[in-house]
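In the two assemblies presented below, subunit A is common to both, partnered first by subunit B and then by subunit C.
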Partner chain A sequence: MLPAQLGRAPRHLLVCERSHARHPRSRHAAHVRDHAYSCRVSFLIPECGVLPEVVKSTIADIGDYYLVRSLPVHELVTHEFIDAFVKKGSCYALSYKTKIDQDNTAALLPNGKLILSVDKGTYEELGLQGRPSRYSGKKVMRYIITIDLTDAGFQPESKKHNRVLWALKEKKPLEFDFLLAWYNTGAEGSTLMSYFSKNQIQALKPKITFSTLRDLQCPVLQSNDLQGKPEESCSTEELFEWLGAVLNQVSLDNKSSSFLSTYCCPEPNTVVEKAFLCTITGFIIPEKIIQLLEQLCSYFSEPKLAYWLTLTVHGFADSPVSWRESEHGFHKGGENLYNFVIFRNLDYWLQMAVGAHDDCPP
Partner chain B sequence: MEGQLYRRLPPEDSGELRLQPQGSEEAKTFVHAFLKRSMPKMKDEAIQEMLTRKAVVLEHYPKKKTKQKRKKTKGFTAKQRRELRLFEIEPEQQRYAIFLPLHELWKQYIRDLCHGLKPDAQPHMIQGKLLKADLHGAIVTVTKSKCPSYVGITGIILQEFKHVFKIITKEDKLKVVPKLNNVFSLELDGFISYIYGSKFLLRASERSAKKFKLKGTIDL
Partner chain C sequence: MAAAAFERRVLRRAAEHHYLRVRLELPDGGARPNAAQFKQLVVTALRELHGEVGAALPVDVLTYEEKTLSAILRVISSGLVKLWSALTLLGFYQNRRCAFRVLQVKPCGAGWLPPDVSSGSKLGRLPKPTAFS
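Our next item is the complex of A and B:
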C-alpha cells in the first residue's frame, strides 16, 4: 500500500499565456529576464535536420560562466565589487551545490539584491534583519535576508554597510562555492576572472548536446487555441506533458508490455520524420536566452516545414528565487521552468510551471 | 473504696488499738488546729482554701507563646522606588569609562573565585563557579538572538534584573537587553563562556541559590 503522501501530488502551478513575439506590449523578454537562474535550455525544432548557421553561432556564443571555490560572501558586498560589476551590468551569482531546504544559500540578482536564505541557527547568529521563509511552517526554521547592494543607504562607511560587512566578515563568516556570470553592454572593465584571480576561479563552458529524433510523433497545435479541441488540436497541458516525455527520452509508443511508461502522444498528432533537439546545460544568463529566442523567431523568416518549435528553460531547483524575488523552495522537486512554443506566424505560447513551494509565476 | 476508707472504725478494732474514735466534727476541728499549729504564718482563709478540693485536668496545654509582632522594615514600596528612579542611572553617569574600574574589580573577583584562573583549570569548574557568580561588571557580548538587532551588542553589565541585563556599550549607550531568547558570551583570560539567557531568568540573588539542571532545550 502506498503511503498517503504519495497518493496525492503536491500542489503545482502551470501558467499559460499567448501573445505575438513582435507585439509591442509582449512581455516575453521581461519574463525571461525575471527568471534569473537557468541551468538548462533545450529547444526542439521539428522537421529540421541541420541547424541554421545563425542559431549555431548564438549557441556557440552562449557565454562562459565561472565557478569560484569557497568565496566568502563579504567579498560580494565590498564596494570594489559593487562598483566594478553590479553597477556596470548584470551580475549573476548563485551558490553552487547548496541545498535550499537544508543548507544556507546565497544568490545575487542582476538588480543588485543579494539574497541569503539561511537556517534558523545561522540567522540568529548572523545579526542581519530578514523575514521568515514562507514555506517553513509554523515553527520557522528558515529565514530570507535581502540586502540591496545598490541602495542609496548602502554607501561605503555607512552604518548599514558596516553592519553587513561586520556580520558577514567577523560575526558569522559565510562561504560558498559560487557560480558567477556577468553581462555588460559596451564598456569593458576588469573581468571576473582577473578580479577573483586570488580565489580559486575557473571558467566553464556550457555543455551543448545535439540530437536528431527520428519519426517523432508531434501533437497538432493551433496557435489561437490554448484549450485545444478534440479531433482538431491539442491543449497546452497535453503539449507540456508530451514535451516532458520527449526531453527525457520517454518512449511514446504505448506498449502494453512496458512497465515504465504507457504514455502515448496526445491526439491528434502527426509523425515528423526528424526533429532537432539541442540541450545546453550550465549557468545560463537570461540575456543569452533572449538572444537565442530572437534567433529562433527569425528561424521562421524563411519558409519552413515546421509549424512550431519549442524552447524550454529549466531553473535551478535549489535557487532561492524563481521569478523576480519570489521565494522558491524545493519540496519534492524544486521545479521552476518555462517553455516557449513559437509558431510559424510568430505567435507564441508561454508556459511557466512551478512546484509546491513557489509563488505563482508572473 | 472511698466509703471504705472514710468509714468509722468498728468499735472492736478501735478497742483493740486503744484509739479514741472521733466524730466528724471533732475530726474537723482537730485538722484545723493541726494545720494552724504547723503553719502559723498562714491565714485561716488560705488554709481553708487549700482544703477545698479542686478538679485537676491532666491534659497538657503548651503555653502559647505570645508572638512578638515583627516590626516591618520601613522601606520604600515598589511604586515609590519607581517614582524616585532609585535604580536608574542618570544620563550623565552613563559613560563607559566610569565603569571600567568596576570591570577590573569583577575580573579580580572571578580570579579569586576560581583560584587564580590558571590556563589549565577545568572548564567545568569555572562553569560552575560562574553560574553562581555575580555578573555586575562583566563584559558580555550578545552572540545569538532571535532578534537580529541585538546581535553584537558588547558592553559592561551594570545591572542585572530578573528578565533583563542593562549593558553600557563602548559608545556610552545604555542598552537594555532581555535575557529571553538571547545567548551571551563572556570572555575572561581566554575562557569563553556562553550564557543561555532563556535559562537565566532569575535575579542575581536568587541565582546564587538556584540549582541548575540539565533539562530542556537550549534552542532559542
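Our next item is the complex of A and C:
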C-alpha cells in the first residue's frame, strides 16, 4: 500500500481565460509578448485543405535565428552590443543545451535583463548580487542573478558595469552556446551575423511541417462557456487533452471495451472531413507569434466552415523564465505552454499551463 | 455581436490524467512485443509490484511504435506513482532482461513535446528538443 501523499500528482496549473480578440483591453498580445522563449508553434485549422496565402507568407517570414558556439557571457554586457542590439529592438538570447536543474544557464530578455541561473559554486566565485532560487529547497544550491543592461547606472565605465565585466571576464569566465534572435522595426543596423562574425555563428531556419488530417473528430465548443455543458459543448480541459492527442497522432476512435486504449474524443463532437495542421520548430520570438495570431484571426474575415481554430505554443523546458521574469524550473517536465482557441466571432480562449516549478501565469 | 466578457479560471492540480512517454529497452535480436503484448507487459509490471489491485489500474497505450519500442501511456493522476514505480522495477520480458525508460511525464495532454526529442539522456530527464541539430 502506497502512502496517501504519493497518490497526489505534482502540482500543475492550467489557467483559462476567455475574451474577445478585438476588445480594447484584451491582454492576449501581452501574454504572448511576455512569454519570451518558444520552441514550437503549432496551429490546427479544421475544415481547411489549403492554407490562405497570407498565412503562408507569415510562416515563410517567421524569421531566422542564430546559434553562436562558445560565446563568453561578457560579450553580451559590452556597450557595443547593448547599443547595437539591446537598445535598438528586441534581443533574445538563451543558452543552448543547458539544463536548468543541473547546469549554469543564461538568458537575455528583450527588456534588457540578463538572467543567470547558476549553481552555488559559480555564484560564490562570480561575486555578483543575486537571490536564491525559489525551487532549490531548504539548502540553497542555485542562485538567480538579474542584471539590467538598460539601467541608468549601467553606463560604460560606471562602477557597476566594471564590476559585472570583471566578474564575467576575469573572475569566473562563463561561456555558453547561445541561441540568438533580434527583432527591430526601424532602420537596418548591423546584424547579429556580422557582429559575431569572429565567433562561430550559424544562421538557422525554423523547421516547418504541414499535414492534412482526414476525418478528424473535433469537440464541439461554445465560445462563451469555458466549463462546457454535458450534451452541448466540451470544456477547456477536455479540449486541451484532445489537442495533445491530435498533435501526437493518437487514434481517437477507440471503443470503451478496447484493450489497448480507452481514450476517445470528448462528447459531443463532429467529424470534419479534413483539418490542416502546421508545426514550426525553432527559436521563435513572440513578435512573430503575434503576427501569426493576427493572420489567423483574419482567417475568419471571410466566411469559413470552421467554427474555431487553435494555436499552441510550447516554451523551452529549460529556460530560466516562463512568463515575464518569473522563475521557471524543470521538476518533472518543465512544461510552460499556452494555447489559443480562436472562434469565428473572434472570441478567444487562452489556456496557459505550467508545471510544478513555476509561478502562476500572469 | 457584443464583445465577450472577460473570464478567468485557474485550475490547480486539475489534470485527471498524466501522460508518460516511455521506451522499452531490450537486448538486440529476439521478438519485439506488438501493441497488445506491450500493454500486457505494462499490466504484468503493475501486477508484480502492486498485486491484483495494481493490475486493475486503468492505463491506456495511446501510441506505440514497434520499431522504436516507444509508447505514450495515459494513466489516472492518482495512479501515476504506481505506474512509474512498476515500470521502473520491471526487469524481464519473456525471460530476457529489459528496462523501461521514462522519458517524459506530463500532466496535460497538449504538454507533450514532439517525438523527435532526443532520448539519450538519463531517466526522467530530457534535454531541450533537438530541432536545431
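Just so it is clear, the second predicted complex is superposed on the first by the 347 of 362 C-alpha atoms of A that agree within 3 Å, B and C clash if a C-alpha of one lies under 4 Å from a C-alpha of the other, contacts with A are read in each partner's own complex, and residues count from 1 in each chain.
We adopt the following convention: contacts are C-beta pairs under 8 Å (C-beta built on N, C-alpha and C of every residue); 3 or more make two chains touch, one makes a residue touch a chain.
From a predicted model like this one, the values you see are computed outputs, not experimental measurements.
Chemist: Aligned on subunit A, subunit B and subunit C: do they clash or fit?
Modeler: On the shared subunit A, the partners fit.
Chemist: Does the superposition put A:137 against subunit B (first), subunit C (second), both, or neither?
Modeler: Neither subunit B nor subunit C is touched by A:137.
Chemist: Looking at A:171, would you say it contacts subunit B, subunit C, both, or neither? Reply first, second, both or neither.
Modeler: The answer is first: A:171 touches subunit B but not subunit C.
Chemist: Under the stated touch criterion, which partner chain does A:347 make contact with: subunit B (first), subunit C (second), both, or neither?
Modeler: The second partner, subunit C, only.
Chemist: With the two complexes overlaid on chain A, check the angle at subunit A between subunit B and subunit C, Cα centres, nearest 10°.
Modeler: After fitting both complexes on chain A, the angle is 80 degrees.
Chemist: Per the contact definition in the header, classify A:126: touching subunit B only (first), subunit C only (second), both, or neither.
Modeler: Once the two structures are laid over each other on A, A:126 reaches subunit B alone.
Chemist: Specify the partner with more touching residues on subunit A, choosing between subunit B and subunit C.
Modeler: C
Chemist: Check the residue A:39 against both partner chains and state whether it touches subunit B (first), subunit C (second), both, or neither.
Modeler: second
Chemist: Quick one: smallest Cα-Cα gap between subunit B and subunit C in the superposed arrangement, Å?
Modeler: Value for subunit B versus subunit C, nearest C-alpha atoms: 26 Å.
Chemist: State which residues of subunit A lie in both footprints, the one left by subunit B and the one left by subunit C.
Modeler: Overlap of subunit B and subunit C footprints on subunit A: empty.
Chemist: Considering only the defined contacts, which subunit C positions touch subunit A in the complex?
Modeler: 1, 3-19, 35-36, 39, 58, 60-64, 72, 74, 77-82, 104-115, 124-129, 131-132
Chemist: In the complex of these two chains, what residues of subunit A are touching subunit C?
Modeler: Residues 2, 6-20, 22-23, 25, 39-40, 67, 96-97, 99, 101, 179, 204, 207, 223-224, 226-227, 236-237, 240-245, 247-250, 259-263, 279, 281-283, 312, 314, 316-318, 330, 332-333, 335, 337, 339, 345, 347, 351, 353, 355, 360.
Chemist: Would you mind writing out the residues of subunit A in touch with subunit B in their complex?
Modeler: 121, 123-130, 166-167, 171
Chemist: For a test of understanding, state which residues of subunit B touch subunit A in their complex under the given definition.
Modeler: Contacts found on subunit B: 143-146, 148-152, 183, 220.
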